[in-house]
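Next come two complexes, and both contain chain A; in the first it sits with chain B, in the second with chain C.
This part shows the complex of A and B:
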C-alpha cells in the first residue's frame, strides 16, 4: 500500500469520454446523482476580426476529470462537526458512517465537490481511492478503466518529482486552499485559474 | 426559486435569532420598567421565546440525513465552526430552559437576572458562531461580514418588534417606544448593510450563471425583503407617533409590523442561502 497515494491526470490526453466516471459508479454501486468522479468540460472562445476584415474564431474546450484529491490540508476534515470525515491509516480521506450526521457541511466547503450526499443512506460518501483494491495490490477502478491512460496513481512525492506541483488552472480552485495531492499535465488550451475566458459547460452531465 | 430555499436552515437560523432577540430586548425593557403588569407581560415572553428556540432546533434536524447521529456534532469544536455553533446551541438551550422555568412563576425569582444575563451572553455568542459557520473561503459571496450583519439585523429587528407587540397592550407602553425604535433601527441598518453584499458576483470558476439566475432577479428579491422589513420598522415608528395622540386604530399596528418584518427577514434569509456559489468544480 502506498504511503501517500495521489492521482495524476493527463488533461492533454483526456477525451472526455467519462468512462472513469461510469466505472466508478459501477464499482461502488452508486445511486443516480452520486458521482465520486466527475468529468467537467471547460469551454470558451468567440469570433474575432482579422486585420484583413475577415472573421476567425478562437474556440477551445478541454476536460478535467476530478475526484477527491485526499488533500494535505483537507477542508472537509477541518469543518466536519462530527469528525466522521477523517484521514484513515492509509492516508486516505474517508467517511466514518457510524459518526456522519449527513449535514452536508463538507459538501458546502469542498471546492472539488468530492463529498457527495447519498440520500438513500442519509450520509456523506466520497472516493475512497479504491483502497479495498489497493490492499490487494490492484489498480483503482478509474485508473484501470481509462481508455486514454490519462489517469494514473502513485506515491505523491514521486509523482511530484515527475510532473511538478498541482497547478492553478480553470476551473480548478487555487491549490493553496486545500493543498491537493494532485499532479497533472494541463491541456494545451488550459486557461489560468479564475479565468473568465470560458465556463463549465453541460453542467447537467456532471 | 422555491419559496424557502434551504427551508430548514432558513427557519432554524431566523427563529433562533428571533428567540434570542426577544430575550435581549426584553431584558433592556425590564431594566427600565417599573409597572408590575408590564414587568409580568415581559417576563412571560421568556417561556414563549424558549418554545420558539426548541422549535428552531427541531426544524434544524430537517437538514440532516441521519438525525440520530446528532450527538456526534460537538466532537470537532477545536476546528469546526458548525460544531462550535451546535455547542453554543446546547449551552444557550440549557440556560434558556432554566430562565423559562423561573419566569413561568408569578413571583420574580432571585436568580432570574443571572439566568437572563447568561441567555443574553450565550445567545449573542450563538449568533456570532452562526455567522462564522457561513464565512467560507470557498464561497466568495459569503466570505464577508454578510452573515454577521444579516443575522444580528434579524435579531434586533424581530426582538424589538415582538416586544413592541407585548408592551403596546399596556397603558404606559409608549414610554419604551424610543428604546424599541432605536433597537429596530439598529437592526434595519445592519440588514440594509448586508443586502448588497448578498448579490452574487458570477465568475468563471463558479457555477454557470444559469444555475444562479440573473443578478437582477436576486437584487429584486433583496429589494422586496428590504421594503417588507423597512415597512415593519416604519409602522412601529408611526405607531409611536400616533400613540401620543391616543389612536385606537393603532392597536394591531405593532402586530402587523412584526409580521411584515418577519416575512422580510425570512425572504432575506432564503435569498442568503440562494446566493451560495462556490469556487472550483
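This part shows the complex of A and C:
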C-alpha cells in the first residue's frame, strides 16, 4: 500500500469518454445520480460571420476527470460536525457511516464535489481510492479502466517530482484551497484557473 | 437568423464565472437531486450489495465480450458470486511494448445493467393486439416454435424462399455462433432466403470506392506516426470507437509520438477534434465534395498536384488519361477548372458560400495538403451517409491521388482508416440457393411494393425484378426495423399492414421499438448467459481469439439462438444437418480446433485454453494499403476495369445512361459536388432552415445500450445547437424542444454549444423511439425525421441529409 496515494491525470490524453465514471459506478454499485468520478466539459469560443456567409470561429473544448483528491488540507474533514469524514490509516479520506448523519456540509464545502449524497443510505459517500483493491496489490478501478491511459496513481511525492505541483486550471478550483494530492498534465486547450473564456458545459452529466 | 459581427457569450449557460462555490453548485446539487429521484435500481444492482468489496475468494471470473457494433469488440472479465454478476473488469493481460490491453469503454463496462435490465424480454410472447400496438401474451416455447415453424413452412410453400428475409442487424457482431449465423444456417437448409448487400454503416462509401480503387482499403492509424499532416474528414473515432485497444488509442499515440499536424473537417467539434485537432475546419453537412473540389482547384492552379503519379497510376485526371470514346471536356481537371460542360471553375470563392468555410481558409488548407509529404487523408463514415454520399466519398479519395499519397507509409487512400485482424472461422452457414439480393435499405419497399423494384430502379441484384417481396422477417440483434431505418412514421404504416409482411419474428434481450412490432417475440440470452468463441472486430490492429464460457445461467426463459434454431430445425425436419450432432458447447470446441489449425501455438488442451481465455496477436507494423500497386502497377493492377485508380469511371458513365433514378438524382462519372434534396442549397430551407445530422454518441453504440441508466446519466440524449440558433429561437441550454419536418417530430432537450456550426443541429442517432398519443416521439429518436430516399448508386441510407426546424416544446 502506498504511503500517500495520489492521482495523476493526463488531461492532454483525456477523451472525455466517461469510462472512469461508469466503471466506478459498476465497481461501487452507485445509484443513479451518485458520481464518485465526474468528467467535466469545459468549452468556449465565438463564431463570426463574414459578409459572404462564411464563418470564423475560435472554439475549443476539453475534459477534466475528477474524483476525490484526498487533499492535504481536506475541507470536508474540517467541516464535518460528527468526525465521520476522516483520513483513514491508508491516508485516504473516507466516511465512517456509523457516524455520518447525512448533513451534507462536506458536500457544500468541497470545491471538487467529491462527497456525494446517497439518498438511499441517507449518508455521504465518496471515492475511497479503491483501497480494497490497493490492499490486494490491484489497480484502482478508474485507473485500470481508462482507455486512453490518462489516469494513473502513485506515491504523491514521487508524482510531484515527475509532474510538479497541482495546477490551477479552469474549471478546477485554486489548489491553494485544499491542497489536493493531484498531479496533472493540462490539456492542450487548457485555460488558466478562473478563466471566463469558456464554461462548464455539461452540468447535467456530472 | 442573420448573424452580425461578433457573437460573444453563450445564452443563459450556467455559471460564467468559475468561483469555487459555483463549481460546487453544478455538480453536487444535480447529483443530490438525481439521487433523490432515482428510486433505486432493479434486480442485481441493489445497494445492499454495495458493501461487497472487490475480489472475495468466492468470486469467479469468466471472460466475455462487449458484442455491439462499434467494431472494437472489447473482451470483458465478468465477476460472479453465487451465480450473480457482481462486477465487470477490463482486459488486464498486459500493457506496454508489444502488448496492448483492449480496455472496454463505458459501454462495455455497463453490461451488468444490460444483463439485469428490468426491460428484459422474459418469456416467449405472441402479439394479441394490432401489429405495433405492443400488446403481447405470454406463451410457451413450444407454442412459439410451433407457430414459427408452421408459418415459415407455409410462406416458403406459398411464395418461395425469396419471401424469407433476415433483417439487417449488428447488435451482436463478433460472436462466432450466436445471433447472426445460426438463422442463415437453418434457412439455407430449407431452401435459402433473400439476402441483402450493404450496411447502414457504410453503404455509400462501400459502393462508391470500388469505382475508384476496385476495392476498399486504407492505411492503419498507427501509420500516422509517419505522416506530416493528417486530415480527417468527418471522422470521429474517439466517440465511435472508444475502446482502449483500438483506433482511438492509436490516434492518440500517433499524436503523441509523431510529427504530424491534425486537421479535422466536421460540422461538429467532436471529441476527436477536442483531443487531437490542431485545427478545426467546420463545413456544412453534405458539402465535402465542394470543399474537396476547391482544394483541387488550388492544387492544380498552384502546381501542387503530383502529375507523375496521376499520369502513371490514374485514369481521367486530364485528357491524356481519359478512356476512349469519352468526348473531350469530361476530365476531372476540366471539371475543376471550369473547362468542362458546366463552365464553372470550382474555385475557393465558389466553394466558400456552399461549405460555410472562408475562401482564404480553403486556399491555406489546400496549400498545406499539397505541400505536406506524406499526408494522411482519411474519412469517417459521416460524409458518405448523405444523399450525395457516394460523391463526397469519391471526392475525398481523389485528394489522395492528386497529392500522390496512395500506397506509401504516412499517406493513405482517403478511405476510412484500416484495421488488422485474423479471420478465425465462425459457425458455417452453408450455401444460400437463392441468389437474389436487395440493398439492405430497401426492405421496406420489398414489403410494401416489391413488384415495383427492379435492377435498374432499386438496385436489385442477380434478378431483373422482385416477384413476391418479403413475407417472413427474422429479426435478431437488430433494431433496424423500427429504430435505425429512416422515416419511422412511414415504416410503421408498412409494417402495420399484416397482409404485407405476414410474419415478423423478433429475438431480443430487451423491449426495443422493433420488438414492439413482433408477431412472435422470443427472449434471447445476453453474452453473460451464453457460451461462444469471439474474434476481434474491425477497429484495431490486434487479432484476438476469446473463449467465453457461460458466466451465469440464462435469466427467465431466455435461450440462445443456436438452441432456438436447433428446435426449429427439429420441427422442420433438418435437425441432423443443422447440428451435425453438435451442441453449442461442441461447436465452441470445434471452432477452437479450427482456429488452432491457423494458429498452432494455441494450447492443445481446450480446458487449458479456456482458463487463459484471451489470445492476442499484434502485427507490429502499420499496414499500407495499395502498396503492391504503388510499387508495381503493372504486376499488381487494381480491380478496376483499367487496373488503375479511376478518377473518371467509365462504368459509372455508362450506368448513368441506363439506371432509372428519380428526378434530381444523378450518377456521375467524376467525383463532382452535386446538390440534392434537403441539401444546404435546397429552397425548402426557407421553411425548414436547419440542417440536421445524427452523430454517433458515446452513451451507446447505434441503438444498443440506449436504455441503460448509468450510460444515460453520464451521456443524456441532447440536440446539439449553436448559441446563435438557440438565441434566435429564444432557447436556453436544457430547454425541451420540438424538432420537426414534414415526416415527423420529436421532443428532446438541447445542448447549447459553440461546438456545432450555426445552421446545423445534431441529434445523436440511436435513441429508442417512443411516441406520445399524438404520434410525436418523446425520446429524441432521429429517424422520425430522416428520409427513406435511396442514394443513387448504393441505394443506401442518406440519414445525415435532413432539413428541420426547432421550436420550444
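Here is the rule we use: the second predicted complex is superposed on the first by the 198 of 206 C-alpha atoms of A that agree within 3 Å, B and C clash if a C-alpha of one lies under 4 Å from a C-alpha of the other, contacts with A are read in each partner's own complex, and residues count from 1 in each chain.
Keep in mind that, in the parts below, a residue touches a chain if its C-beta (ideal position, glycine included) is under 8 Å from a C-beta of that chain, and two chains touch if they have at least 3 such contacts.
Bear in mind that the values here come from a model prediction, so they are computed numbers and not experimental data.
Trainee: For A:111, using the defined touch cut-off, is the partner it touches chain B, chain C, both, or neither? Pick first, second, both or neither.
Mentor: both
Trainee: For A:197 in the superposed arrangement: first (chain B), second (chain C), both or neither?
Mentor: In the superposition, A:197 contacts chain B only.
Trainee: Who does A:132 touch here: chain B (first), chain C (second), both, or neither?
Mentor: second
Trainee: Applying the touch criterion given at the start, work out whether A:177 contacts chain B, chain C, both or neither, answering first, second, both or neither.
Mentor: A:177: touches chain B and chain C.
Trainee: Mind working out whether A:99 is in touch with chain B, chain C, both or neither, as first, second, both or neither?
Mentor: first
Trainee: In this superposed model, does chain C or chain B come into contact with more residues of chain A?
Mentor: Result: the larger residue contact count on chain A belongs to C.
Trainee: Touch check for A:122: first (chain B), second (chain C), both, or neither?
Mentor: After superposition on chain A, A:122 lies in contact with chain B alone.
Trainee: In the superposed arrangement, does A:81 touch chain B (first), chain C (second), both or neither?
Mentor: First partner only.
Trainee: So, A:64: does it touch chain B (first), chain C (second), both, or neither?
Mentor: first
Trainee: Using the superposition on A, tell me which residues of chain A are in contact with chain B and, in the other complex, with chain C.
Mentor: 38, 40, 104, 108-113, 117-119, 121, 170-173, 177, 193-196, 199-201, 203
Trainee: Show which residues of chain A lie in contact with chain B when the two form their complex.
Mentor: Contacts found on chain A: 38, 40, 64, 66, 75, 78-84, 98-105, 108-113, 117-119, 121-124, 170-173, 177, 193-201, 203.
Trainee: List the residues on chain A that touch chain C in their complex, please.
Mentor: Chain A residues touching chain C: 13-19, 21-23, 25-35, 38-40, 43-50, 52-57, 59-63, 104, 107-113, 115-121, 130, 132-133, 136, 138-139, 144-149, 170-174, 177, 189, 193-196, 199-206.
Trainee: Spell out the part of chain C that touches chain A in their complex, as residue ranges.
Mentor: 3-8, 10, 13-20, 23-24, 26-28, 30-38, 40-41, 45-47, 49-50, 52-55, 87-90, 92, 95, 103-106, 109-110, 112, 238-239, 242-245, 248-249, 252, 256, 269, 271-272, 274-275, 280, 282, 352-353, 355-359, 361, 698, 709-711, 713-716, 722-724, 733-734, 751, 753-755, 757-758
Trainee: Residues of chain B touching chain A in their complex?
Mentor: Listed in rising order, the residues of chain B that touch chain A are 63-67, 69-70, 72-76, 79-83, 86, 133, 136-139, 203-205, 207-208, 210-211, 276, 278-281.
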